[in-house]
Amino acid sequence: MLLSLMIFVPLLGMIVVLLLPRESEELIKRATLAFTLVPLVLAVVLFVSYDRSSAGTQYFVNVPWIDAFNINYHIGIDGLSVTLLLLTALLGPICVLASWRNIEKGLKAYMALFLLLETGMLGFFAALDLFLFFVFFELTLLPMYFLIGVWGGPRREYAAIKFFLYTLFGSVLMLVAMIAVYLNSNVINGVAEGVRTFDIPTLITLAGTTGHALADSTFQMWVFLGFFIGFAVKVPIFPFHTWLPDAHVEAPTAISVILAGVLLKMGTYGIVRINMAMFPEGLAIFTNGVGFWGNSLALLGFINIVYGSFCALAQTDFKKLVAYSSIGHMGFVILGLAAGNSAGINGAILQMFNHGVISAMLFLLVGVLYDRAHHREINGFGGIATKMPVYTGITTLAFMASLGLPGLSGFVGEALSLLGAFQEFELITILSTIGIVVGAAYFLWTLQRVFLGQLNPKYEDLPEINKREILTLVPLGILTIVLGIWPNFALDMFSESVTNLVNVLDAI
Amino acid sequence: MVVPLISIILLAPLASFAIFALLGLAKRNFPRQDYLSTFAMLVALGCSLLLIQEVTSEPTPLTVEWLSLGSVNFSMGFYLDSVTVIMLIVVTLVSSLVHIFSIGYMHGDPRYSRFFAFLSLFSFSMLFLVVSDNLLGIYIGWELVGLCSYLLIGFWFEKDTAANACKKAFLTTRVGDVGMFIGMMMLFAEFRTLSLYGDTGIFEAVATLESGQIAWLSIAGILIFCGAVGKSAQVPLHTWLPDAMEGPTPVSALIHAATMVAAGVYLVARMFPILTPTSSLVIAYVGGITALVAATIAIVRFDIKRVLAYSTISQLGYMMLAIGAGSYVAGLFHLTTHAFFKALLFLGSGSVIHAFHAMHAHHDDAEHTEDAAHEHADNSLVHEHGSEIPPDQDMRNMGGLRRKMPLTFITMLIATLSISGVPFVFSGFWSKDKILGGVLGRAMEWNSVHHYILFAMALIAAGITAFYMFRLIFMTFFGEPRNQEMHDMAHESPWVMVVPLIVLAVLSFPVVNTLWFNKDYIEPPPQHHIPAPQHAYVSPDSKIGDANFGFSLFGVSTAQAAEEDAGPDTAQADDAYHIHHRAHNIAMVLSICVAGLGILLSWLFYHRRRFSAEGVATTFRPVYNLFWNKYYFDEFYDGVLVALTVWKSRLFAKFDLSFIDGIVNGVGKITRDIFAAFIGFFDNRVVDGFVNRVAEVTWAAGGRIRKIQTGAIQTYLFVVLGGIVLIILIFRLF
Amino acid sequence: MEFTLKTFIFYGFALMTIASALAVVTVRNIVHAAFALMVTLFGVAGLYVFLQADFLAATQVIVYVGGILVLILFGVMMTSGRLEMRIHIERGQLLLGGGISLALLMLLLTVIANTPIWKNLTDDGTQLAPTTERIGQLILNEKFLLPFEVVSVLLLVALIGAALISRKEVRD
Amino acid sequence: MEPLKNIESLAYFSPEILLVVFAAAVIIADLLIKNRESELVAYISLVGLGCSLVAILITNSLINSNEPIPLFFGMIRLDGFAVFFKILLLLATAATILFSLRSEELDARLKGEYYALLLAVTFGMFLMASSTNLLMIFISLETVSLTSYILAGFLTHSPRSSEAAFKYITYGAVASGTMLFGLSMIFGMAGTGDLSQISSQIASVLASGGVSTLSVLIAITFILAGIGYKIASVPFHMWSPDVYEGAPIPITAFLSVASKAAGFALFLRFFHVGFGKPEILQSIDWGFILAIVSALTMTVGNLAALPQRNVKRLLAYSSIAHGGYLLMGAVLLTPEGLGAIFFYLIVYLFMNLGAFYVVVLIANEAGTEMIDGYRGLATRAPLVAGAMAIFLFSLTGIPPLAGFFGKWVLFYAVIGEGLYWLAFIGLLNSVVSLYYYARIVKAMYFETSEDTNGLSFSTGTFALLSVFAIPTIFIGLLNIFYTFSDKITLQ
Amino acid sequence: MSLQHYLVISSILFSLGIFAVLTRKNAISILMGIELILNSCNLNFVAFSRFVTPAETIVGSEVFRFDGQIIAIFGIVLAAAEAAVFLAIILAIYREFGSIRPDEVDTLKG
């Protein structure tokens, strides 16, 4: 109930906001804020009350929805999802605050769409029915398309449709795979009996049953691929990544935050939840280190890391740089997942959460600067540390967290991913560490070009970051530090679930 | 008591920083951040001193579980042994003194509070590094000190040189850190833990390895050492340290002389048990080469701080050499003595620079206008390396300061004597001697050519050290003032700056240091994969060495003490003892000789001016150039990497222009110009291009289909009827 | 098959039908074409007679020749001043059209040749009873009442529609 | 069950009879009413549809689900299948009438004829949905076609409309002539016009070698020309963009939904009942041909829609594409396929009619059918733009809109038969289709127009809009729409 | 005079009709082509009715074979209706375009 409430409160909020008069902007903003705060409170409640000692699903609701396909409204949380739910719920109000002043037109529609988006994201992380999962996955598309397309930058139309097309392409493959899974869900030893199901926990069990159609490794390989490409577009994994920089650059600040903070995580979450848990045999083909494909997943992670980092280095647009850095950092997630061992997967999941927090900070910070200077050209700044010391301080924190400075959250996930991956793919992991150096290079270089050196006289009057902006950044900053110092705070939530997953993977 | 004490040691500076950061968010300052930070450091110092009592003979790690991943757990904790305590005291002591010094030195800086906050953060990080009982904790502290170093080098970030230097420092050390991280990954992959101590720790596990399995362990050891190469500025990653002198001088004293750079030595010492003969030798050679290279470069510098920077590099090489050659105790001992006298030297130079402060400010103004002229022309990673020396640091502007700044002069002289290895009264002599003796001892014991070579390197470096240090003293404090205008402005520093100098000067005498060594305070950990003679040798080494040193101080014959101490040991140990004893005597004599020679030459060159340094430089032009250009390391990095991509002529043009740049900048440039551009191109054209191509084809197909739709009805009928025929034919074919 | 008068007349009708149909599709003068069409329709009516569909033959003549053909002629009169079609038909279109028609013809002939149940079904000379009465019964009382009624609706619609569309000016 | 005789059948035939009666009533009323602005005839038509609906529901209650009732000596058949299509067609007609009320294209003075023709065409479609005899199939098809020609050319002073009618009738006549030839061949092979008898006869003559596979194939292909032209499948689709563009918008909407649905009814009955026997399929796998046709249809429709600037024409191509999707389900011969078509048709009814309704509204208010005319609609008429966005994204198949669920059931059925390649092509097409649908959305939301005056619409407009929009959002989310079709089978 | 004779004739008629439809440059000629097609169909039906369909025996030896014939009758009626509408539309086209050449009526395309 609590969970359902959490998912659908933003939807309710959307309706309420739509009913409010267009002129009363303050009211709309406050209402939106309120409706995003409710999920946050609920998420915190869930996070705290979640029984960490048990890895099982909790707070589940399972009611029939579409009987014809045995589709149920089945939601529930385990450690992994509750962590990401918390992230999503946290970024909700922050993004509303970040949109407080700089949405110039159609505020009402903006807020309504944002609330719809939040419902989609929350639902996605809670869904335990494959169909429901897919519906929520896609539900984020429409609001995102509009949010980028209407409120974005100069090339927003292109960016919006590109985002939409890429993701749709991916989800189409996912749909095929999903149907294939459903159709085979009642076939044992070649005989179909009983009802088919979309229930994720059930499917996971079935996929581990000897003789079951779902357990067939060739079948698993194809289905794995179908889902994987769907999620890969979202992550995004090279070569499906080119929508990301465009989308980020054009999207308004808050939407970039959501995009980097949550939407990318949907891809990796899907990979963990579906690809790894349900198709371990399929996974093994791409990660067992044997044969032509055996290293492919790790290789993709590596390519993402190195490619994203070098691309980031080449950027002169602040936001694009951060966007490419996201690609690089998601590479660590993929690498960790490919490792398939405890350290790797835990690290990957932690990296998901951390990257959500850190990249959100980075985009918020870019937004702060953009709101003042109205451009993002890195070389167009210089020395603004003198004018904006607090801003510089927070940016440094975020940069350091992002480049994986120990003591801040970014490090833990990255390090664990690498530690885990090294056990399985030594060479690839070693090569991937290039990303660490290049990551430091582009962030420091940016720091230098934007903040250090002589103050660019154009920005003599640059106002310091204001209270509202600080308010959006502080919770994230605190999380960054807290998770850096005490990662168990988050890890505890899901390490049990991961242990189960690792046991499954090890059994292959 | 241990845990609360360590907690206080860590939390006091952290709290000081946290107060600054939190108030900063509210855009406020704590009114006296300087006092707050200093007080925090003094508290930490007090607690560190208290900890001396707490060291037990069987140190146990005090751990808490930090990360639990089911099968694998990472714990965080403290490990307190004598080395830890020594390090704690060195760090807190130097840090406290630097804090006090900075109150005077940084007075009037617009970001005064911030400076102290950063110092506090650094102290915390360094202390955390020191007390950590596992590799992960060490790595965390390791990177955090790197961050602080970055922040403090770039403290005057308006200067482009400072902004470049801080970035270079961070990135260069990060290259090493990645190596260290890979080493950690190797250890983790093998042992499933990063804890060092305890039953499940790495050291215990290493002990059980078969001798055939240690090839990878050598690699892991060398990789871990890579971290130290970066942090401790060893060749070939040393180039950042001289640039780091762009930071305020107290920072140089604290971070880039006494503590952070020594962390590399500390790390290698901590990892002592996993070192294999191969990795030890690599470490020793790197240390030796560093010692020699840096010393030779230091000869020709004119920037007072850069001379000290190269000296630091050189001395760090020494320490590495010692530990690599198995002289664990000697290395750490030199670390301690060096920390004090090098901090003293830096603070002294800071005092001198401070004396020119008015000029400094003036110069700053000039720089401002100049910068405004080509404002932000520098947009690439590559920057024109600032080879020009700020006038207030240029020794050619100094001279005769001993009368103007007597206290500074005396304290610095003490430190110089110490570092030069002037015998018996100065701590530097003893630690250096111990290293030389240790290396020679091993060479003789193993009859190892490698160690003879290492000994020679160390000896030469010792001589050069004496030479350039006295060159510094002579150029700065003796002779006639070379820049009268500046000289007139110079003045002795205020008490708040002088007192730390005096304290450090006192610490440069061996009395204080000996206390610990005398009591068998340090027990070198066992090395499981160094051949047996070594095993038997190390243990007596420390005792004998210490005894030797301690008793000789009190006028007792070394031989006698050694006999007493070694007592009835195995014949082998007895052998080792004798060899060592002989080696030590030889080393001491030689070391005194080279030190004397160095000082003498320096006196002749720079005080008596019997020989013209310029003349020598002209005579040995190639050698001089080599030194002056710092062995072309920066150029090498730039050149090699550029050569990969840019054609030959351009390469040579760059050499001709004496284009000075560092590895980071080189890498950055290449990445920027070629690699990243290619990738950017790839991204836009190939990946996107493919998608766009598909889209175009789709679109074009749409256009084609549109063309069929001519609007003429009979065309449509053709399609219909032709379609029927086609369907039938196609189906017929199948 | 014996060559009797009956067969001779049959072939005559067949030839007439095909030849005139050929004229319909080839002659340039549209009125000539219309008259050729009339001959074709008569020919088909004749074939109906051979098939002993007497009522149908009559209907063919009355409705087609009397109705449709006249309608077509009216259409010709109302839409073109000149009756000659001096329009150049592109060779390509001609070839393609001829090709497709020929291909279809070939296909149909293949069907005829390849359908054994259609083979060897010759006119056995059985004289069928006059069909008119029975047709009337079937259409008005039995099986075909529904189509009949539907067609009546259809005709009404066609009537209204034709009037509506061809009306020159809408009533004001 | 024995076929009912004529008089006995009348009761079951009441929905159709009512339609004809009301058509006549409309014409008479039109003659009597002097006020040319009166909309009474439209309301009479609506009442007629209402009465017919009631009659349909009553007749529906008379049929036993497993036993269809053959009427008029087996000429037509009353079963759940027919009832479903009748209701669907009726709704489409009602919507068309409501559109026509709002449309400003239509000549107010010709209303009587217009509505009468609409009722007549509905009558024809009812027959298409229930015919089980070759003759009835042809006659009903011709009734619908002829009426459609007239309706397409209904705008008296519009060259576009006349051209549409001309192309439509030329195309239609050739296609139906071809079909009739095919029907005659089938008649000749089976010796009967009754579909179910045809099925067994053809099966037996095929088995005995009495006819060759090729002959049956050619006959089927000829017939396909007639049916394919009705559902606008490649290569028989070419009339539809031109006709849709030229015809009055309500008629375009009607053709794209009702005519297509009726075509599918005919298609399903003809192929499933007449040629669905496994014995026939063994020798002639027409399902495979049609699967290819279906893939071609959606691909051609979607690709050709890409460069369109005229929304009406774009939607015409879009509906060709949707015909392709539906065809996927139609070739399956499984209950899932049938259910998928039913479900998709319901969804398609709402979303496509909704989209066309917006086109009507914009044509009235902004006077344009071009995409450029939709610029800035989000600010000028936010609700209309919002509804249009919903329709368009539903047509694309984006969750949680009904279009997605429609596609879902279709692809599910297709993959269930192992036709992965077809599903894959279909899904790729969905992706392509996003592009052109999104172009309209882009114009509405992302672009601005020079003309920023708000467009005002009546409450009735919004009510009607929501009648389409709300189901478009909710149909897929509700359980009942997936289950009703379980009872419907084709025999 | 076997069935195949009639079938061949009707096939030829059909093909000629198609040819007319495809190539004639006058809308009315196209209509004539359509009429040819419809005639060929009717001929088929009648022929099949005569030779293929089972006979129904009503009284004694009188044999009736009707289904095809009646279909043909309806075919004629439909042809008439179609012709009427077709010609009406041709008139409308003539009015709007001033021509009844099918290739000149091509404003809707693309």
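By written order: A, B, C, D and E. Residues from 1 in each chain.
Please note the rule applied: contacts are C-beta pairs under 8 Å (C-beta built on N, C-alpha and C of every residue); 3 or more make two chains touch, one makes a residue touch a chain.
On a predicted model such as this, the values are computed, not experimentally measured, just so you know.
Asker: Touching both subunit B and subunit E, which chains are there?
Answerer: Expected: C, D.
Asker: Chains touching subunit A and subunit D alike, please list them.
Answerer: Joint contacts, listed by label: B.
Asker: What is the chain whose Cα centre is as far as it gets from that of subunit E?
Answerer: B
Asker: Please list the single chain whose C-alpha centre lies closest to the global protein C-alpha centre.
Answerer: Per-chain C-alpha centroids ranked by distance to the global centroid put A first.
Asker: Looking at chain pairs B-D and A-B, which one is connected by more C-beta pairs in contact?
Answerer: A-B
Asker: Hey, which chain ends up farthest from subunit A, C-alpha centres compared?
Answerer: Of all chains, C has its centre farthest from that of subunit A.
Asker: Could you please state the distance in Å, as a whole number, between where the Cα atoms of subunit C are centred and where those of subunit E are centred?
Answerer: Computed value for the inter-centroid distance: 5 Å.
Asker: Using CA atom averages as chain centres, what separation in Å is found between subunit A and subunit C?
Answerer: 71
Asker: Mind checking the centre-to-centre distance between subunit C and subunit D? Centres are C-alpha means, answer in whole Å.
Answerer: Centre separation, subunit C to subunit D: 31 Å.
Asker: For subunit B versus subunit C, what separation do you get between their C-alpha means, in angstrom?
Answerer: Roughly 104 Å separates the two chain centres.
Asker: Spell out, as numbers or ranges, the residues of subunit D touching 2 or more other chains.
Answerer: Those would be 135, 139, 142, 146, 149-150, 153, 156, 162, 165-167, 170, 174, 178, 185, 188, 214, 218, 241-242, 307.
Asker: If you look at subunit E, which of its residues touch at least two other chains?
Answerer: 7, 14, 17-18, 21-23, 27, 31, 47, 52, 70, 74, 78, 81-82, 85, 89-90, 92, 95, 102, 105-110
Asker: Hey, what residues on subunit C touch two or more of the other chains?
Answerer: Where subunit C meets two or more other chains at a single residue, that happens at 93, 96-97, 100, 104, 107-108, 117-118, 144, 147, 151, 154, 157-158, 161-162, 164-165.
Asker: Chain pairs that touch, all of them, please.
Answerer: Every pair of chains in contact is listed here: A-B, A-D, B-C, B-D, B-E, C-D, C-E, D-E.
Asker: Quick check: in the complex, which residue numbers of subunit B touch subunit C?
Answerer: 714, 718, 721-722, 724-725, 728
Asker: Within their complex, state which residues of subunit A touch subunit D.
Answerer: It is residues 64-69, 106, 109, 134-135, 138-139, 141-142, 145-146, 149-150, 156-157, 160-161, 164-165, 168-169, 172-173, 175-176, 179-180, 182-183 of subunit A that touch subunit D.
Asker: In the complex of these two chains, what residues of subunit E are touching subunit B?
Answerer: Going by the criterion above, the answer is residues 18, 21-23, 102-103, 105-110.
Asker: Along subunit B, where are the residues that touch subunit A in the complex?
Answerer: Those residues of subunit B that touch subunit A are 21, 24-25, 27, 65-72, 111, 114, 125, 136, 139-144, 147, 150-151, 154, 157-160, 162-164, 166-167, 170-171, 174-175, 177-178, 181-182, 184-186, 188-189, 368, 371-372, 375-376, 378-379, 381, 664, 667-668, 671-672, 675-677, 679-680, 683, 687-688, 690-691.
Asker: In their shared complex, at which residues does subunit E touch subunit D?
Answerer: Within the complex, subunit E touches subunit D at residues 7, 14, 17-18, 21, 27, 30-31, 34, 37-38, 40-41, 44-45, 47-48, 52-54, 67-68, 70-71, 74-75, 78, 81-82, 85-86, 89-90, 92-93, 95-97, 102, 105-110.
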